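Chain IDs A, B, C and D follow the sequence of writing; residue 1 opens each chain.
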């Protein structure tokens, strides 16, 4: 059942680890099966060494475990909140990658300072509001997901496949688990570049919306002309 | 005698080296045998290449060598001062890892700016007071340990398994040598993240005590729910 | 046809990847055949894993594909604009390397703060003007090349084999594809060094023109005496 | 002749490369034979890949080539100026390592902010004066050496085995080529740590002379007690 999805999700988790963005067990990737709506996700606190597809845990959109012997990632309710609201998203990645997390800790949205950013993210990457004491004391991981969803009320998650959770770290997504991982890699890189650029020019502003759109739509949408397809 | 402890301590030293936190011979890990109270520690100035369990030196809590051909780490009196005072600590690690050392050199406690920090350290990581000229001229490594102990008069070392020694560098600990090493890795990472976050938002404050506690107790104590146990 | 050039260009692309300057598919190297004037370049969006000489695309200076099954790099019109204007240039490299891109994002020329910079670049590395909305909406990649050419109206591209495209990233060149790649590596390194030096000394000025020229001509031109030739 | 020295010098050059401090061919190590006074050094501009002992060039203290087919490092006159003046120095290393070079570019001495620094360098690492236009136009590499020697008129080069050449980069030395390389590694690391520490605490001062001396003499001189000897 969903063997192909479990294999894709496992491979995406391992690629996230290989990318150097993950220390210890700090990260997880999930994927959604478009037909059943079920989600496969990394088990909680399990080492990346020897991680295999059979260990992936399958849950339904309400979080009930459908397959798997292990407990799913403690961040599963955050992933599910996004899948329930973000149509067309087929994979989600969460990391504590250094620079993206540092921006989340600084509680600042990440400005679009260059075309490297614009190639994957159309504009400023948003930061969530901080959780209220009530949300913290309640269903914390679900509340984290709801805070992300609120940050996208005026945005298209397919044009902005990333968010910074205030005081915590980044989540990214895409049409597939592999795209979610690629967006985590790009986010970390552009967060590093933005940190350096701000240090070099005080009061730096973002690139123009026209340049941002030029690069985003060079790679995405019906008029894309980057690559071989 | 204590072969298992020596093996654990040697493996923890090698993992510390593999983690990239150690340059040359700058670091050491020790472990305590709960029954005898004896401590196994890396020998002084010995290369990590080819380090083996038989080279570990066993001392009693007063520093008398009980087993081993080599001289124990010159930092042994610091380790022993902590074992004498910190109940439940079974392993201690010392590094000169870059960012944690830079904070120690800056003589600043490390604020808790995010959940990555809170997952392992409950609040601000303290910095010791500087040693007096008398302490420097006396039993220097013991005095370093006593300065650490004084920084924990109002703290639980099991909830704050790390300290920055002013002008020197970090010590971390845990229930086992492996946990001490993990805490060194986490400390270095969150020291780096904090450095970046401070540069991004002037006057940045820590996360709320509620969010800090939420994350610390998600992973530690009787109500922990992270991982598979 | 042009098999040797295709091999050189492929090898230069792979060396750029090995140098650590390239993430995902963010970069490309081209080379020019001095006799035919034709240019071989990496195909667009193709992974570096398994990249081989046969995949290189050969175009003429107007951009017509002369050899190859794949679509050439989307940056090809930028490369061609430089080959048409910069005599003696036999190779061009484009990266999104972190520090050089951060300076391009900061829209600042890179000052010559030391001899490491002067060994390869005679003075300040220029930054282009930003493209107008009309240029953005037109033949974007060609316009990028024209903006670079305009930045060199008063400069010799052989003495300054690098440029920062405002809001985008660096291009470097040289007599061969291999030299273009070396200049990308040096540019990234000196951009990092300059970032650190500026943080250490407020209002830092460049080294003297005499020291800059001493180092540049120690390695280049008829009186060069570095190396074995 | 001097086969053992050539082997030591070659190995030290390769270790410098392995340490990650060297990009391209930016660095060289030399060693002095205490009996003949002759110096073996890396050849100029030769790649580290496949570097072998037979390629090392032997020169006398006046720079006359005594053995070897290749041209010696272009920095040879700088090395010889130091050997002529610094008694007890048996090895010298030159790098363009990132942070040490950035401090040299910032034209600032490197303060002793912690015990990591004090373990190898007794106090602030000096920066040379800038060369005059006459010195630049004359025997440049010799003048660089003389500028270093002038910076040590009031210092013992065995207690301060490092210098920053203004606008250029670091030189380090020691009793052997291996010690010179170790000091290059330590200098780069403490230059990085100092950069971070200064960013964390404005107006940071050095550690006390007492703490600095405690650490320097813990590892050096007749009362040293670090290590196994």
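What we mean here is this: contacts are C-beta pairs under 8 Å (C-beta built on N, C-alpha and C of every residue); 3 or more make two chains touch, one makes a residue touch a chain.
Only a predicted model underlies this, so the values are computations on that prediction, with no experimental measurement involved.
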Point to revise | Path length in the contact graph (chain B to chain C, fewest steps) | key: 2
Revision key, fill the gap. Looking at Cα centroids only, farthest away from chain C lies chain B
Check your understanding: At the place where copies chain A and chain B touch, is the share of residue numbers found on both sides over half (same) or under half (different)?
Key -> different
Review point. So how far apart, in whole Å, are chain A and chain D when each is placed at the average of its C-alpha atoms?
Key: 46
Check your understanding: If you average the Cα atoms of chain B and of chain D to get two centres, how far apart are those centres in Å?
Key -> 33
Study note, to complete from the structure: Where chain A touches two or more other chains simultaneously, the residues are 199
Exercise for review: Please categorise the chain-chain contact pattern as a line, ring, star, complete graph or other.
Suggested key: ring
Study note, to complete from the structure: Inter-chain touches occur between A-B, A-C, B-D, C-D
Exercise for review: Show which residues of chain D lie in contact with chain C when the two form their complex.
Suggested key: 23-24, 26, 43-46, 70-71, 74, 96, 98-99, 101-108, 130-131, 133, 136-137, 140, 167-169, 195, 198-199
Check your understanding: Which of the residues in chain B come into contact with chain A in the complex?
Key -> 113-116, 182, 185-186, 189, 192-194, 196-197, 199-201, 204, 207-208, 210-211, 214, 218, 225-228
